[in-house]
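Please read through the structure below; I'll follow up with questions.
Per-chain numbering from 1; labels A, B, C and D assigned in written order.
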Amino acid sequence: MPDYPSILQSIHGEILAERPEGKLATYIPGLAKVAPDQFGICLHTASGEDFLAGDSEVPFSIQSITKVLLLAMLASTEGDSIWQRVGVEPSGNPFNSLVQLEYEKGIPRNPFINAGALVVCDLLLGLYDDPESNFLKFVQRISGIPEIHYDRSVAKSEREVAYRNLALLNLMKDFGNIHQDVDAIIRFYCTACSISMSCRHLARTFALFMNHGILDGGEEILSINKAKRINALMQTCGFYDESGEFAFRVGLPGKSGVGGGIAAVHPGRYSVAVWSPPLNPKGNSAAGLRALERLTDLTGNSIF
Amino acid sequence: MPDYPSILQSIHGEILAERPEGKLATYIPGLAKVAPDQFGICLHTASGEDFLAGDSEVPFSIQSITKVLLLAMLASTEGDSIWQRVGVEPSGNPFNSLVQLEYEKGIPRNPFINAGALVVCDLLLGLYDDPESNFLKFVQRISGIPEIHYDRSVAKSEREVAYRNLALLNLMKDFGNIHQDVDAIIRFYCTACSISMSCRHLARTFALFMNHGILDGGEEILSINKAKRINALMQTCGFYDESGEFAFRVGLPGKSGVGGGIAAVHPGRYSVAVWSPPLNPKGNSAAGLRALERLTDLTGNSIF
Amino acid sequence: MPDYPSILQSIHGEILAERPEGKLATYIPGLAKVAPDQFGICLHTASGEDFLAGDSEVPFSIQSITKVLLLAMLASTEGDSIWQRVGVEPSGNPFNSLVQLEYEKGIPRNPFINAGALVVCDLLLGLYDDPESNFLKFVQRISGIPEIHYDRSVAKSEREVAYRNLALLNLMKDFGNIHQDVDAIIRFYCTACSISMSCRHLARTFALFMNHGILDGGEEILSINKAKRINALMQTCGFYDESGEFAFRVGLPGKSGVGGGIAAVHPGRYSVAVWSPPLNPKGNSAAGLRALERLTDLTGNSIF
Amino acid sequence: MPDYPSILQSIHGEILAERPEGKLATYIPGLAKVAPDQFGICLHTASGEDFLAGDSEVPFSIQSITKVLLLAMLASTEGDSIWQRVGVEPSGNPFNSLVQLEYEKGIPRNPFINAGALVVCDLLLGLYDDPESNFLKFVQRISGIPEIHYDRSVAKSEREVAYRNLALLNLMKDFGNIHQDVDAIIRFYCTACSISMSCRHLARTFALFMNHGILDGGEEILSINKAKRINALMQTCGFYDESGEFAFRVGLPGKSGVGGGIAAVHPGRYSVAVWSPPLNPKGNSAAGLRALERLTDLTGNSIF
């Protein structure tokens, strides 16, 4: 096993010295006021150990990382019918959200762009009477951390500027690919994005994907096949139009959020979470990307 | 180690029974007259063993699989400057060749779509006086198989219908991203696509990518970092607009060609080549895809 | 002056004999149940005469023809500031509504596609407390026909399936190009589309555009320059992605609606309205287009 | 009849005072070295009079204006079969050349974008053994000016940078919509664009379109119906993605070239040519557009 403690310290030192440039997400008031110079990392190994550096215990808004958890909850009970409603291909470029959705008649490219996550929410609303409560319980259960909670003020401020998501939902509704009430979907989706977690929470939560769908206690949440597929989707679609760059530089399946967090996994070896709020022009944490690139360089163990 | 011989036999049997539907590529006469009901598979392990089933010794036209080998030859001597001329992101959809190239001002999305491979050829023409000869020697060397050769009649018939590639080249030239003579590039590219190999040849050739850039004899062709990046590119971009589907169903980095071949690798474990001429609607071997999906199911060991 | 009565009779006869093929618009229940084999035409000359043939007194839903009237009401009081919110270029192709709107950052191509008409409605809502009532009065006034009215059941059924228009509005709101309440805009727009008129009503209403903005009684509603511009917009943008075809075959500025109506003008000579419910694949009245093509052939007097 | 002499003098004075901003076309050496502060205008009436102001006798490169003349020569002998090879719709936006051509399977939107004019040239090469010579004779004949000639140095320098046109031709050839030799088409097209004419030459040449297809001496070159259609195409497609703006501001059918010329017609009344080399951002003569806008304002007689 690599010497993770000294590798993490080294990465932490490099990031503090380099300070990769980026800008805070400003469209949600709750995210714009976070102190930008924070950096945390937590690596959770297959043997159950946590290695930490920096601000790894400070909670932040996981935002789009929640898309992986929403899909996991859906896949834990549903089968291949999911994939009639949402695709599994990378989306290509930043303009694509509405463009591709129109060409492809309301079927989103994958569950990790907004349109796809909204379809996942639509499906969850059809399964649960109180999806917000069920989803929080699911996340608490797979992480083993009961204090994980929603940040209602972030959810509310996100809901107030959700025009583009409303455009996506209405366009998909026009194509017959949204069945539930549009406003209920927006409410659930914004709440799901508002989950607050630290790097430690997030690394533990993603242990599920490192462990082929099995919780530490042995309980199977996802079949090995479903877990493999979610990892494959993170690899090809986890970073919007920077997914190729992330595979190229880091070489791990992962998912980022505009709160500055990134979670990634090396199947069978470790899960890892990093956090640094300033984002690069593609909307991914600048320091987070750099830290994960250094991690697979220093350990010599990307999945490729 | 899984029982590869019986796994390959089982896959062979299933494919013969199922006969996944597809159509031969018809735009090149040389490809249109291949007997469609052939199927071969060869798995080459990290310990140097070959496991074979079906028509695994029959040579076929590797076509676009050559794009990986062209990139490998270029990367074996050149550094990051390559990536100023071609990107590393998936291309999204089938229409994209010219569309994205125009939006993105002549910089192809990645080296595994036609536009990107043509830029790689343009760079190789700037490095070698006789790139056809140098490339063939490179392939013979990394495979350890001196009898690998070009099929000149396939190259010629491909050159005669290369209008779309000429459109791509001229568009990139207009944007300043092609420096060599357009006709010389087309000639080299069509020749490079015409290499004839069997599954056994191909699995051995791709051992380079399974072995992190090192040949069996210990010679380093690519640094570990460069080999990782080529694998990452195969994972995200190796199957045109079906790259996500391949990651999702198979979970290995790989590359397909319209001749019906697919080469894939499980880094550190094995390289594998399959061949069956009929193509699915996205232009990838229908039976080949199915065989590789079964391989990672039966061995339980995709990279995810 | 051409012999309009016999020309209209001749056209009427040809249409009954030919029965150009088409399909009823079905997305709005109110339109789907119209008897398809109706055809009417009314030509209103600069000297104030009406020439009629067929079902020219039967009221129908003018639908998108209302976009010209909405723009006329807005232009009657507002100046060039309108054109900072909406463009004056043809939209090119049927997919464009959302695609171009996203590329062009929420500024619709022109006021005669849905997105543009919704911006016109947004502006009218900022000017009038009760725009529905004001708009109806405006139409009654320029037509001189006080019995023109809304068809509330059509408006209601249109509102219930307005998902695509909601998508357009929310996307434009995200870009800052919609200022009023989205639901209020939809309500006003669907009501405005539901106006019920006969060919005779419509030909008289469009006399305004034939007469360079002046009503029969001499009142100036639009300056000559504004009237010219509205005619130019009808010429280049009045028939979605069939605008070029209409200019090419008919050679008059005009506007169509999915209710099967078309209004057109020959500035200084006549206004004309035709109606036949079945639509061609581009969504324009099949028999209506044919009738107008014959009109400019037989009179030898298109504007070109 | 309006007082054309004083109107032209007034426009000339305004343009000299205003000096509308623009930039010379620089991609062709022959165009980049023209003195930018020249301005000429010539109006030719239906009764055969010429009214001139400014540099109206100075020859310039007509460039894309030639597309109208190429189409006229083709239409003078061919019927509706032309329109199976090229469309009649506006092209929408500046990116569209290759994008739309790919979506629409090699059928250009209209004959006044490059792709469409190249198809017209392809058709002419199928009709004439020496199309360059035949085309020049056609232009000399319809203008009545035998000294009109090609500028071979402009043609040559244009041919040397024709990469984008080669891309268009090869893409259309891939779709089966180009039948002749690609290099022969480029040669003919670049030569046809290099015709050198003054405003006076151009106004007289376009008298054909003002006169419904009839030459001054009474000879019919185009049927009334064909002439109407060419005018309609100029109206909807003559100014690339500024066609709507030209209709909106000027209200006449016309065609511009990157040499700074614009020809326009008021059917039945006059043809007009303006010239000023600096181009606006859309590639149309800045002062030329302004002059024509003033012309229809001051005469009060656009076609709308």
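Here, contacts are C-beta pairs under 8 Å (C-beta built on N, C-alpha and C of every residue); 3 or more make two chains touch, one makes a residue touch a chain.
The structure presented is a predicted model; accordingly, all values stated were derived computationally and were not measured.
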{"item": "B-D compared against A-B, more contacting pairs", "value": "A-B"}
{"item": "Listed pair (A-C, B-D or A-B) duplicating the C-D contact set, over half by residue number", "value": "A-B"}
{"item": "Whole-Å gap separating subunit A and subunit D, where each centre is the average of the chain's CA atoms", "value": "55"}
{"item": "Intercentroid distance (Cα basis), subunit D paired with subunit B, Å", "value": "48"}
{"item": "Between subunit A and subunit B, centroid-to-centroid distance (C-alpha), Å", "value": "31"}
{"item": "Numbers and ranges of subunit B residues touching at least 2 other chains", "value": "103"}
{"item": "Pairwise touch network: line, ring, star, complete, or other", "value": "ring"}
{"item": "Of subunit D, residues touching subunit B in the complex", "value": "95, 97-99, 101-103, 163-164, 166-171, 173-174"}
{"item": "Touch list for subunit B against partner subunit A, complex", "value": "87-93, 96, 100, 103, 109-110, 224-225, 227-229, 231-233, 235-237, 241-245, 247-249, 251, 253, 267, 296-297, 300, 302-304"}
